[in-house]
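Below: the structure, in structure tokens.
Order of writing sets the labels: A, B, C, D and E. Residues in every chain begin at 1.
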Amino acid sequence: MESQILTLITFFPAIGIILLLFVPKERHDTIKSVSLIIAFITMLLSFLLYSMFEPLANGMQFEVNIPWITSFGINYHMGIDGISLLLIVLTTVLTVLAILSSWNSITTGVKGYYISMLLLTVGMVGVFCSLDLFMFYVFWEVMLIPMYFIIGLWGGVKRIYAAIKFVLFTMFGSLLMLVAIMYLLFEYQKYSGVYSFDMLKLMEMPIASDVQMWLFGAFALAFAIKVPLFPFHTWLPDAHVQAPTAGSVILAGVLLKMGTYGFIRICLPMFPEATVAYLPYISVLSIIAIIYGALVAMVQKDVKSLVAFSSVSHMGFIMLGLFALNMQGIEGAVLQMLNHGVSTGALFLIVGMIYERRHTRLIEDFGGLAKVMPLFSTVFMIVTLSSIGLPLTNGFVGEFLILLGVFKANMVYAIIAATGVVLSACYMLWMYQRVIFGKITKKENESLSDLSWREKIILLPLVILIFWIGIYPKPFLDRIEPAVNSVIQQIGTATTVQYDNEDYKYNFQAENVTWSDLNNEGR
Amino acid sequence: MSEYIYLIPLLPFIGFLINGLFIGKISRTLSGIIASGMVGLSFIVSLMLFFDLKALPADSRVMEQVLFTWINSGSFHVNFGLLLDPLSAVMILVVSGVGFLIHVYSIGYISHDKCYGRFFTYMNLFTFSMLTLVLADNFLLMFVGWEGVGLCSYLLIGFWFEKKSASDAGKKAFIVNRIGDFGFLLGMFLIFWNIGSLNFHDVIQAAPTAFIAGGGLITAICILLFVGATGKSAQIPLFVWLPDAMEGPTPVSALIHAATMVTAGVYMIARTNILYIMSPDALMVVAIIGAATAFFAATIGMAQNDIKRVLAYSTVSQLGYMFLACGVASFSAGIFHLMTHAFFKALLFLGAGSVIHAMSDEQDMRKMGGLKKYIPVTYWTFFIATIAISGIPGLSGFFSKDEILWKSFSSQYGHPIFWVIGFVTAGMTAFYMFRLVYMTFHGKERMDKETKSHIHESPKTMTIPLMVLAVLSVVGGWVGLPHIFGVTNHFEHWLEPIMATNNHTAVQHALLSSGANASAEWGLMGASVALVLIAIFLARLFYNKKPELATNFQQKLKGIHKLLLNKYYVDEIYGAVIIRPLVYFSLFLWKFIDVVIIDGFLNGMATLYNDISETLRQGQSGKLRSYATIFAGGVILILFYFLME
Amino acid sequence: MVPISAYLIVAVALFGIGVLGVMISRNIIIMMMSVELMLNSANLVLIAFSRVLNVVDGHAIVFLVLTIAAAEAAVGLAMVILLYRNRDTINIDRFNILKW
Amino acid sequence: MIDFTSASIDFLMIGPEIALLVSAFIILLLASNKSLSKFGSSIGFIGLAISLYLAVGQWGDQQSGFFGMVSCDNFGVAFKIIFSTLSMIVLLSAPNYFTLKNINRSEFYALLNISTMGMMVMANSTDLIVIFLGLEIMSVPLYVMAAFARRSLESNEAGIKYLIMGAFASAFLLLGIAFIYGSSGTTDLRRLVTDYHYIITNYKLYLYSGAALILVGFGFKVGTVPFHSWVPDVYQGAPTPITGFFSVVPKAAAFAVLMRIFSFGFSALDELMPVFWVLAVITMTVGNVLALRQDNVKRMLAYSSIAHAGYILVAFAVGNSESVSSAMFYLVGYGLFNLGAFTIIALIETRSNGKANFSELAGISKANPYLTAILALFMFSLSGFPPTIGFFGKFYIFSNAVKDGFILLTVIGVMNSFISVYYYLRVIKVSYFEKTEIMPTPIKIPASVIIVLFITALGTLGLGFFPQQLLEFTNSAIFAFL
Amino acid sequence: MNLDLIIFVVSAIVAIFGASMMIFQRNPIASVLFLILSLVAQAVLYIQLSALFMGAMLIIVYSGAILVLFLFVIMMLNLRASEDLGAPSSPISKTVKYLISFLMFVELVFIFKGGTGLDSAAVGIMSTPPDNFGSIEQIAELLFTRYLYPFELTSILLLAAIVGAVIIARRDSVEDAPTATETNEQQAIDEVQN
């Protein structure tokens, strides 16, 4: 169990796929419930994983390492640290919610739909588990196929364009990444005499800095497209707007994290010098993404594309945090990955819910919903607040840590980026006001029903997570910390730049000082 | 006893939970009772704690309670910790006390609205956040309360969300506050990265060694924190949201936009006074902004006709006073005024609410008048508050305001100009307050029959809090009698432990000892009183005895009057300079950069490839002879290459 | 006496002519004959070489090539018949249904 | 030590060829008789099976005979195995189509076997003459097959075009052989290699031009640009199962010979590398770009097969033994999924008026979900998505290129496969995403085709997941007598 | 100026002349005859290169068999010179084609220029090499020892050719009736014709 649990979690949905293949495609309820149960068990397994995980312990856990394709030194090598752990849990939870959310909205091709959902899960969890670059790439690409179908088959009006755009964008990046992976393979072979795709081994290999530049570039392009970083973001709004609710949830909740995950798992530790060299460019791009995404989001007419652009902005924050290259920045970024998954996922779910009722997503078609669906409005408000990072919601902790770290690394970046906090309040609240507040103008809105039980069940866990992470993030941070530490070690050791965190002008032992003698010495 | 501090914020939170979860399921009165009961309980707890604190020796008057570790990342470590010291003790008393009264008042006020559940939920949430703000033992937790109260004000201003103006005002309040918070955040970052902690202890302890007094760094920190304060406490340039905030229910205006939340900025500065003391430039900025705000707001207030707006601008101007006090480094005076202001301004708002209630939601003073005989209780309480705020000797307002005026003159950071501004402002305050009183309660009745028939005194739940507050606004000032009365200023003395102790207090004592200054203080005091009386007389003349004077006076100064009526067009200017350009810029980004440039490029590539494909296809003509030609051509090339070798 | 390269040059000249024939003639039969000509010129090259190198293998190869030529001719002519039956023409330019 | 020029006449050495020949004879004998002729396909299949068995038996024991004309090495044997396997798949998928198109004549199977035999001859010799003869034995039946649907004008046209261009190309090839002969007095590659230095000093140009012309001759067969022009027309015109056969098996044979000659024989000719580099680049680029705008799926696949030839040529440009094995690996994989794709196209053609246009695909995902799913699988494999064998093949080839520092070439290669994604996904797009108002009638799939699809799909996925065995096979197959 | 040279020059000219006439003929029959002419001339060259037997074979097999087969087919289809010329191809493409073939010629000649060690050898009927080079015995012996395997292969090749020819050229028997594709085939024909 100890060693097999990762394999189990990764491939359990595959079992579901096989089951579904034998269900006749007319029996929708069976299909739905089977896939739901499978996803649910996967979620429970991930919780089990979470409970078994050793916080504050260094290095990978639950490692499995079995030779797979020996002539290339490709191993079936899985293992997780805190970062992957959290993302895996996020993935499984969101999958369950996504499946629930598409319970009624998906009516055609049900079988294929749920098969793709499960396949998607396999891919996503696989990416987070794999410590072998080859496996990583395989899972990375496998994810594309079901997503392509989900967008293209069950999407909106321009779904085909969106689907192809999505696949082509991602392929473009990942193919260059493939070249880089091959190159790494032979670099390592030159260095150690044996083939290996093992990330952990590759990290130990010293790479000439100019080579690092190229490799980092190749990897970074793939990841930046996935994130998406500023100039490469245009696939995102299309994909989000066209995709069905569940698709958007998974896309925003997990797929975007692949990019940032790739950065922190591969780019930063493997190419430290290149990281330092590229740092300014990527930081600037992320800042542009923050401001740009926020501004463009402000003028969107479609709620979904507004949320899409808002995730461009948020992902910009995460990238900026990663490239602060210090504890607070990276840790905040990792936590923010989780937060963004939760809150943006919730936002998409909510948008999907009103879409199911009204079959429109245009902001001007709504207004005054607070009167007819108060509960909905409340949840919407909570999620909105978490996405604009109000204290005691998850968003705040992440954004604060990120900005704190960035401020340390580069004050100007932090100051510019912090304006994003203001802007996010602008567009989110404006949207909320136009959708929820005011008088009911359209009479279709007067008869809207409030949240159904299913929807309550969908939203409840997310709301809980929002407050949990916001109020007591310690368990998460504790699990992230060692992983982040190792990354920082990697960078710190490999580069001349030192990233130690305790360099204050003032160093004090505040514990034994009391308020009063403080004043006494003041007198 | 210190382990019960957490009860103070917790009780309102419980009330919030109950009201929130059972919203619509529990009866109007019950939810009201729960809400105000919880706040009342926390007030009692506060009192007990206050006395415990008082029992302690003056040097060690501090109680702490760390609930749990909140955020811990590398060297960054923040606890969810509460801190009770003289300053926060004052604050919790004000917040929970005034809050309690306002809650009680609300029971009656909200009795016609069916959304009472939501109302009390928000109110309790607000009380919780406010108490968290004042009890926090570190900047970050303070920021939590800071944003929390911002949220609640957003929710409560937009309470009647069907009114577009209301939701707009709420949004405006939140966003403007956010702009302030932006500064606050950066200030926190600077503090953390230079000191390594956000805990008040550590900061206070480390500051003297970590920063060079008067250096750029400390000044930057103070200015940034002050930006946050301007946002929260509606100072220039971020005061625009407060008048609009009057869209909310009147108790809300009383609680949030008069008594408590808006004073958070003052509290914060007082809390970090050590830092401010280290940076005279920052103090200067604070003082200037405060004085300017006080003056401008007062001028605007003189021209408004909406009863609540007048009060709103007066609030802004009073806050200006408080900042002026802080700016001249007499923080205790600021806090003192904060407290007294909480009393009488809350009273004023509640009274206004009662008036509006009586007038069946009419807010325009030009449609009022002569209400005195219909609603006596309201009138008298309101009148007391009015004379309190205008600084008639003996009432709370007089002492606090006068101390500020004196400090702005005498303190080493002070300057006669500050005194002049404060002095003039005091006069204007008296003027517009009495203008308000006369237009509302005296003179001939300008309301139509229909409303007139409905005029009635408010229920007990509303009047009792008024009376209590009236009493407070009379006696509230007596805790801080100035030295020259020959008594020790209890209030200043109480706050002394947390106040920065540096040479300036010494200087002050020196000043006080000399009789010359005592006489100077007497003189100034007398001058201000005189001015106030003149102002009252003018108000009476214009708005009671000879209204026509006022009108043709307005005719004469049409331009100025128009300017004041429209609040110096600040909103319009902001709209034109900031908001609209931003929106257009965003549209440009979206429609041009995104759609045209980036996507255009990509689609261009696609079409390019298609065209290449098309052209190449022409080569595949289907004619075998051309195939043979291509073939032979290829052969030639390859052979040629090999011949070149 | 004639230098051997003279023969080779004749051979490649024939080869070139054959290529030209394939490229310019519209008549399928002539095209095929041009191909035959190319094969023959290759044969001539082989013969010449085997004469120079004084190994007789070349002749054997030519012998085999003749049969190959015959085979191709047979199939080709059969196809010509088929085409003529279906289309009443053997002008190669007419055969361009398949293009682009 | 093997005597390279042993006169030993050991018929086991050419056992597979003989088996095929005999089966072809039997089919031809039975063809005259209507009642018996229907056994043609099964006999052909049996023949192929036997030859496969014999070929597998030859695995490992290296010997040479027939005065050095036959050299039975692992390399050749491996290709024999590949040929017979792929031909069996073709043979399974073909009859259904033929019967439905009403051109099911049993001579076809004879031709198939003879042609396969020719390929074996090619793969199994180091003597250029024998290779040339094998090529002809392979090609002549191919010409006939292309024109096999005698009524269809496309088929006729495909036949004549293939024939004339083929003869044209083989003339060049022969000239090349003649030059080689002239340079060394022999046509045996092994002797060429042994006294290579003497030749390179004295008859450099003959060797070069000979090599160039041989490259032309076989480049024509594999369809490298600029010798590719015939490919789309012939592929489109020929009956679809035959097109599948064309696109895979003869191509593999030609590549086998190319490997033998250039990766082993002339491996010392460094000047060849740039040629292959350029050929690879233009071949894959032209193939992919031209495939973008096709309306006919068959023609699109024809261009894509050109592109794939380009990918394989990358291995030649790299030119180390590893890359030879990678090319062989790719050929196997390509054979599997391309045959599968063509089989499905054939099925679609059997419907309605039988043009394999993209429009025909619309909505078949509803009519035949599983069939469409498999088609999608093949498309993903063609465009090189993991975890299909198509991906691993590309990975194998390109990783070798990277290893030897052909970074630019690799980048061009992956960018090409990026372009190719577009048109492969177009197939999926049409068949899945585009809605049709009239529901297409479901296609009936006979058992034999189901078997074919099962095998190909299983191979595509399974070998994609576990390529190790195949890797070892190709790695041990690169032992050749050179 | 000796006999060899004269024979060579004459036969070379004839060969090239015949070849070129062959490709420029409209009338297939004429071009066949020209090809035969050229082949005969080549046979002379063979003999000059002391390949007596192959020269004979060339005349017998080619002129005697293959080209007669061509003639036969032409007669059977009775193709006329006049029939169906189609539009003349554009001058540009013509020049390109001439250029290409000429370049090819030149390049091949260059190869021979570069190919060292050949020009020394000079041949002709006068200088028959020793041990009756290229005699029937030699070739026969070679064909049945070293070239046994290829020799057998040719038989298979011929078999394949025959089968193929039969399959293609055979008139449609009854069993394969017109299919659905027939109709649009017909349309295709029409559109191609005009």
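The rule is short, and it goes like this: a contact is a pair of C-beta atoms (placed from the backbone, for glycine too) under 8 Å apart; a residue touches a chain by one contact, two chains touch by 3 or more.
Quick caveat, the model's predicted, so the values are computed rather than measured.
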Self-check item: Chains contacting each of chain C and chain D, listed by label
Solution: B, E
Practice problem: Identify the chains in contact with chain A as well as chain E, in label order. | Solution: B, D
Quiz item: Ranked by contacting C-beta pairs, which pair of chains comes out on top?
Solution: C-E
Practice problem: Quick one: point me to the chain whose Cα centre is farthest from that of chain B. | Solution: E
Practice problem: Specify the chain with the shortest distance from its C-alpha centroid to the centroid of every protein C-alpha atom present. | Solution: A
Quiz item: What's the chain with its C-alpha centre farthest out from chain A?
Solution: E
Quiz item: So how far apart, in whole Å, are chain A and chain B when each is placed at the average of its C-alpha atoms?
Solution: 37
Practice problem: Report the inter-chain centroid distance for chain B and chain E in whole angstrom, where each centroid is the mean of the CA atoms. | Solution: 103
Self-check item: Whole-Å gap separating chain A and chain C, where each centre is the average of the chain's CA atoms
Solution: 67
Quiz prompt | Approximate Å spacing (C-alpha centroids) for the pair chain A, chain D | solution = 45
Practice problem: Can you tell me which residues of chain D touch two or more of the remaining chains? | Solution: 129, 133, 136, 140, 143-144, 147, 150-151, 153, 159-161, 164, 168, 172, 179, 182, 205, 209, 232-233
Quiz item: Which positions in chain B touch two or more other chains at once?
Solution: 617, 620, 622, 624-626, 628-629, 632-633, 635, 639, 643
Quiz item: chain A: which residues touch two or more other chains?
Solution: none
Self-check item: Chain-chain contacts as defined at top
Solution: A-B, A-D, B-C, B-D, B-E, C-D, C-E, D-E
Practice problem: Sort out for me which residues of chain E touch chain C in the complex. | Solution: 2, 4-5, 8, 12, 15-16, 19-20, 22-23, 25, 28, 31-32, 35, 38-39, 42, 45-46, 48-51, 53-54, 57-58, 61-62, 65-67, 69-70, 73-74, 76-77, 79, 83-87, 89, 94, 97-98, 100-102, 104-105, 108-109, 112-113, 115, 118-119, 121-124, 126-127, 129, 133-134, 138-139, 142-143, 146-147, 150-151, 154, 157-158, 160-162, 164-166, 168-169, 188-189, 192-193
Quiz item: So in the complex, which bits of chain B are touching chain A?
Solution: 59-62, 64, 68-76, 85, 140, 143-144, 146-148, 151, 154, 158, 161-162, 164, 167-168, 170-171, 174-175, 178-179, 181-182, 185-186, 189-190, 192-197, 199, 201-202, 204-206, 209-210, 497-498, 500-501, 582-583, 585-587, 589-590, 593-594, 598-599, 602
Quiz prompt | chain B contact footprint on chain E (complex, rising order) | solution = 89, 93, 96-97, 100-101, 103-104, 107-108, 110-111, 114
Quiz item: What residues on chain D touch chain C, complex-wise?
Solution: 129, 132-133, 136, 140, 143-144, 147, 150-151, 153-154, 156-161, 163-164, 167-168, 170-172, 174-175, 177-179, 181-182, 185-187, 232-233, 236-237
Self-check item: Residues of chain B that touch chain E when the two form their complex
Solution: 625-626, 629, 632-633, 635-636, 639-640, 643
